[in-house]
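As structure tokens, here come the structures.
Here come two complexes built around chain A, the first alongside chain B, the second alongside chain C.
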Partner chain A sequence: MYDPTVARLTYRALLGRRRALILGALPLLLIVISVAVRGLTGADDQTASDVLGGFALATMVPIIGVIAGTGAIGPEIDDGSVVYLLSKPLKRPVIIFTKLIVAIAVTMVFSAVPTMIAGLVLNGNGQQIAVAYTIAALVASIAYSALFLLLGTVSRHAVVLGLVYALVWEALFGSLVPGARTLSVQQWSLAVAHKVAEGELVTSDVGLPTATVLLVAVTVLATWYAGRKLRSLTLAGEE
Partner chain B sequence: MAVEHPLAPAGDQTRIHDIGYRGYDGPRLGRAYARRSLYSQSLRGAYGLGRSVKSKVLPMLLLAVMCVPAAIMVAVAVTTKAHELPLAHAYTRWAIVMQAVISLYVASQAPQSVSRDLRFKTVPLYFSRPIETADYVLAKFAALASALFVLTGAPLIVMYLGSLLAKMGFAHQTGQFAQGLVSVALLSLLFAGVGLVIAAVTPRRGFGIAAVIAVLTISYGAVSTLQAIAHVQGSDGAVPWIGLFSPVTLIDGVQSALLGGDSSFPDGIVPSHGQGAVYVLLTLGLVAACYALLVRRYKKVGL
Partner chain C sequence: MSTLSIDHVSRWFGNVVAVNDVTMTIGPGVTGLLGPNGAGKSTLINMMGGFLAPSTGTVTLDGRPVWRNEAVYKHIGVVPEREAMYDFLTGREFVVANAELHGLGAKAAARALATVEMEYAQDRQISTYSKGMRQRVKMASALVHDPSLLLLDEPFNGMDPRQRMQLMDLLRRMGDEGRTVLFSSHILEEVEQLARHIEVVVAGRHAASGDFRRIRRLMTDRPHRYLVRSSDDRTLAAALIADPSTSGIEVDVAEGALRVQAVDFGRFTTLLPKVAREHGIRLLTVSPSDESLESVFSYLVAA
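Coming up: the complex of A and B.
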């Protein structure tokens, strides 16, 4: 189910010079902010939870997920070079699965690791906050990668659609309409984090069983459908 | 039309065949015309006009998202016979409240405007026409800024017309409307500049979109987090200075300090007039810097 060559090519496409720059800039900003906050306020659990929840999990993880998830397949479909990959004797689901693994790995490295570091800087893992948000980032990485990889195969405007989901649906609707929070990767991963964290600083609107079921279902379904979609891919020219 | 072939002198074996190409001696429309065409084509393209149906969907949807809530607000104000729009300082605040929508629009349309020219290497073709680097940059910059001005100005017009229909006081509303227009004009210039500079670096459309949105929203997220923390720590004096570091808060500072609006800073802290002047200077400086960077970028493009 995993093809090393496809994985190597995907890694190179994802971590090419400029992509690696923007992927590295966001985590760096998070760490700089946490150092600044620690310097300004000292260790405070509520502040740590606000920064990690508001900035790391709500903004940084989805954007890195969009870049890695759609970047794993989108540009290839966009410039048509995907036909060379598809003409190789590889099953399409294998291609998708390999790219998914790569996207998950990249998202995890660039989102969960800096979240952990920022958490340690902010309050030295008091009340397990750093670990809880790291686990949330890890879980969210998997779901976001699968979701945005599917978007990359479905639409040529995958990046815009992914950002609309991450910024408009999760951030805007999620804060206005309570029902929208049930269908949000962010809340599902927070439910997992809630289980880990001590105390009531990390909360979620979704129960743990529901969240787990939805996370697994979304990841599996998105991967399966992306594989199907790649079997009957039509290459569209530039509009 | 018959073309006269000059007879070659007999015995001469080498000659250039005249295969009937004719020179153009009609009117030359010139540089200003080319610049105007590029501007109008880019402006139409920013709303998907003259492009496929699919590419009309997103810009029109975002325009609707900007205008429909304004229309609903006005309708509520008219039916309840209010003397003031429900949202205080609605004209200047609207663009700040709707900043996510505006950011998405810039992110989707700035790469659309310049990245494809870079990717398909058509930029040298533009410069084989009588336009100069500065003309191309000016046309693209002006087109995106105008498109943004339409996007941010349309809801203001909706509100203004609605408030006039509701007889809310002509002079008061007109003054606020004018202040709102100034604020969104500044915002359009700033956002267009930032978006184009980022988009002109990459030939990949998808990557350009992600980069623009990252710069606009992440800087806003970072700045508002720091402002909130500074406020909680009791150092309110630092809040306006932190606001200088992201495009959205920059415009927010200008409109609250000098154009009589409320700010979205924590606890509604409003920058002083002196700080407002710094905000305006920095905004204009950034616009000029974006223009200079673009000209520099296109000096050596594709050549």
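Coming up: the complex of A and C.
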């Protein structure tokens, strides 16, 4: 199911050029903010939870998911270089699964690791907050990667659509419309974080069983459908 | 030895018919797919390569369907027209990756790079390559698994004459080895130099198929139209129409010129200056009015 050559090409495309800079910018910003907050307010569990929940999990993780998920396949489809993968005796789901693994790994490294560091800086993992949000980031990385990889496979406007989902749906609607929160990767991952953290600082609108089912369902369905779409992907000519 | 069969294939995009009921069989040797820009060549090649589903009809390679059949790529090498090709890799890395995707290794990649004579630049990044170098590395990536069918979409576009000659030699060699090589082009001379067998596509339709010389003759034997201005148009017209090489003359009063239709191209071109000299007429303009490739093609479609 996993092809090391496809993985190598995807890693190099993702981590090369400008994309690596964008991927690195947000985590850096998170750590800078954390150092500044810690310096100004000292170690405070509530503040740590606000920064990690409000910036790391609500903004940084989905944006990195968009960049890695759509970037793992979208540019290749756009510029046509995907033809070099498609013209090989290689099952389409293998291509998608491999790219998913790469997108997940990149999203995890660029979102969960800085979340952990920021958590340790903010309150030294008091009440398990750093670990809880890190696990939430890891879990969200999987679902976001699958969702945005699918978007990158089906749409030429994947980055825009992904950002609209991440920022408008999850951040804006999520805070205004209670129902929207149920259908939010962020809330599902928070349900997992809630289980890990001590106390009631980390909360979710979704119960853990529902969240787990939805996380698995979204990941599996998105990956399956992306494989299906790639099988019937047509490369239009220049004409 | 492979045979690619296109059987009553049509493809439309919305209301636009790009390929219209085309049936052709491509066998071993070099075949040229000739047609003006926008004729549907790329659409056809994309369907031959399994990157586009025919709206109706079937494309098969030795009886196996090409669409949605990944296994068929063990036998097909594709050289796409588009430039994009993982520019951040070196030529060698690119060809090795292509070999690995076929389950082969660095040895096969080295052999393919040697075939296209690109070893000297194989460790440079593809982004630094010229058009011709890119084309050769694409070629190496398509040859790496020793395919029996090679599909090339406008492979000579943007190449300089030397690069063009090298690629032609290579394709000729591939054809002589018994591979089925199909390349598309909108340039008559390119096809003439390389392919004995040609398939002509015009406006999505299959216009002609067969030996190049026969089709070329059909093209040169077609009525040629000329615009002629002279010091005495009417006397010239009378003298020209007396000869069987000319089938019709119109005096275009508004243009102040003759529109001559010649059926015997060779004979007419020697007749015109001779007749003019005999009658003491000065020729001011002699210009072919339908030499564009499109007009040659549309003649073929009508024939």
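Before moving on, here are some points about what is shown:
The definition used in the following text is that the second predicted complex is superposed on the first by the 235 of 239 C-alpha atoms of A that agree within 3 Å, B and C clash if a C-alpha of one lies under 4 Å from a C-alpha of the other, contacts with A are read in each partner's own complex, and residues count from 1 in each chain.
The definition used in the following text is that contacts are C-beta pairs under 8 Å (C-beta built on N, C-alpha and C of every residue); 3 or more make two chains touch, one makes a residue touch a chain.
Treat the numbers as computed from the prediction; the structure is a model and nothing was measured.
Placing chain B and chain C on a common chain A by superposition gives a fit, with no clash between them. Look at A:92: by the touch rule set out above, it reaches chain C but stays clear of chain B.
After the superposition on chain A, the angle chain B-chain A-chain C between C-alpha centres rounds to 70°, nearest 10. Of the two partner chains, chain B is the only one touched by A:50; chain C is not.
Once the two complexes are laid over each other on the shared chain, residue contacts for A:70 go to chain B alone; chain C is not touched.
Using the contact criterion defined above for the overlaid structures, shared-chain residue A:1 touches neither chain B nor chain C, since it reaches no partner. Of the two partner chains placed by the overlay, neither chain B nor chain C lies in contact with A:176.
Our summary of the superposed model lists a minimum C-alpha distance of 6 Å between chain B and chain C. Chain A uses residues 238-239 to touch chain B in one structure and chain C in the other. Across the complex, chain B meets chain A through its residues 51-52, 54-55, 58, 100-101, 103-104, 107-108, 116, 120, 201-202, 204-207, 209-211, 213-214, 217-218, 221-222, 225-226, 228-230, 232-233. The touching residues of chain A, when paired with chain B in their complex, are 18-19, 22, 25-26, 29, 33, 36-37, 40-41, 47, 50-51, 54-55, 59-60, 63, 66-67, 70-71, 74-75, 78, 157-160, 163-164, 167-168, 171-172, 238-239. Residues of chain A touching chain C in their complex: 3-6, 8-9, 12-13, 16-17, 79-81, 83-92, 231-239.
Interface of chain C with chain A (complex): residues 13, 18, 37-38, 40-43, 45-46, 49-53, 68, 70-74, 76-78, 80-82, 84-86, 88-89, 97-98, 100-103, 141, 153.
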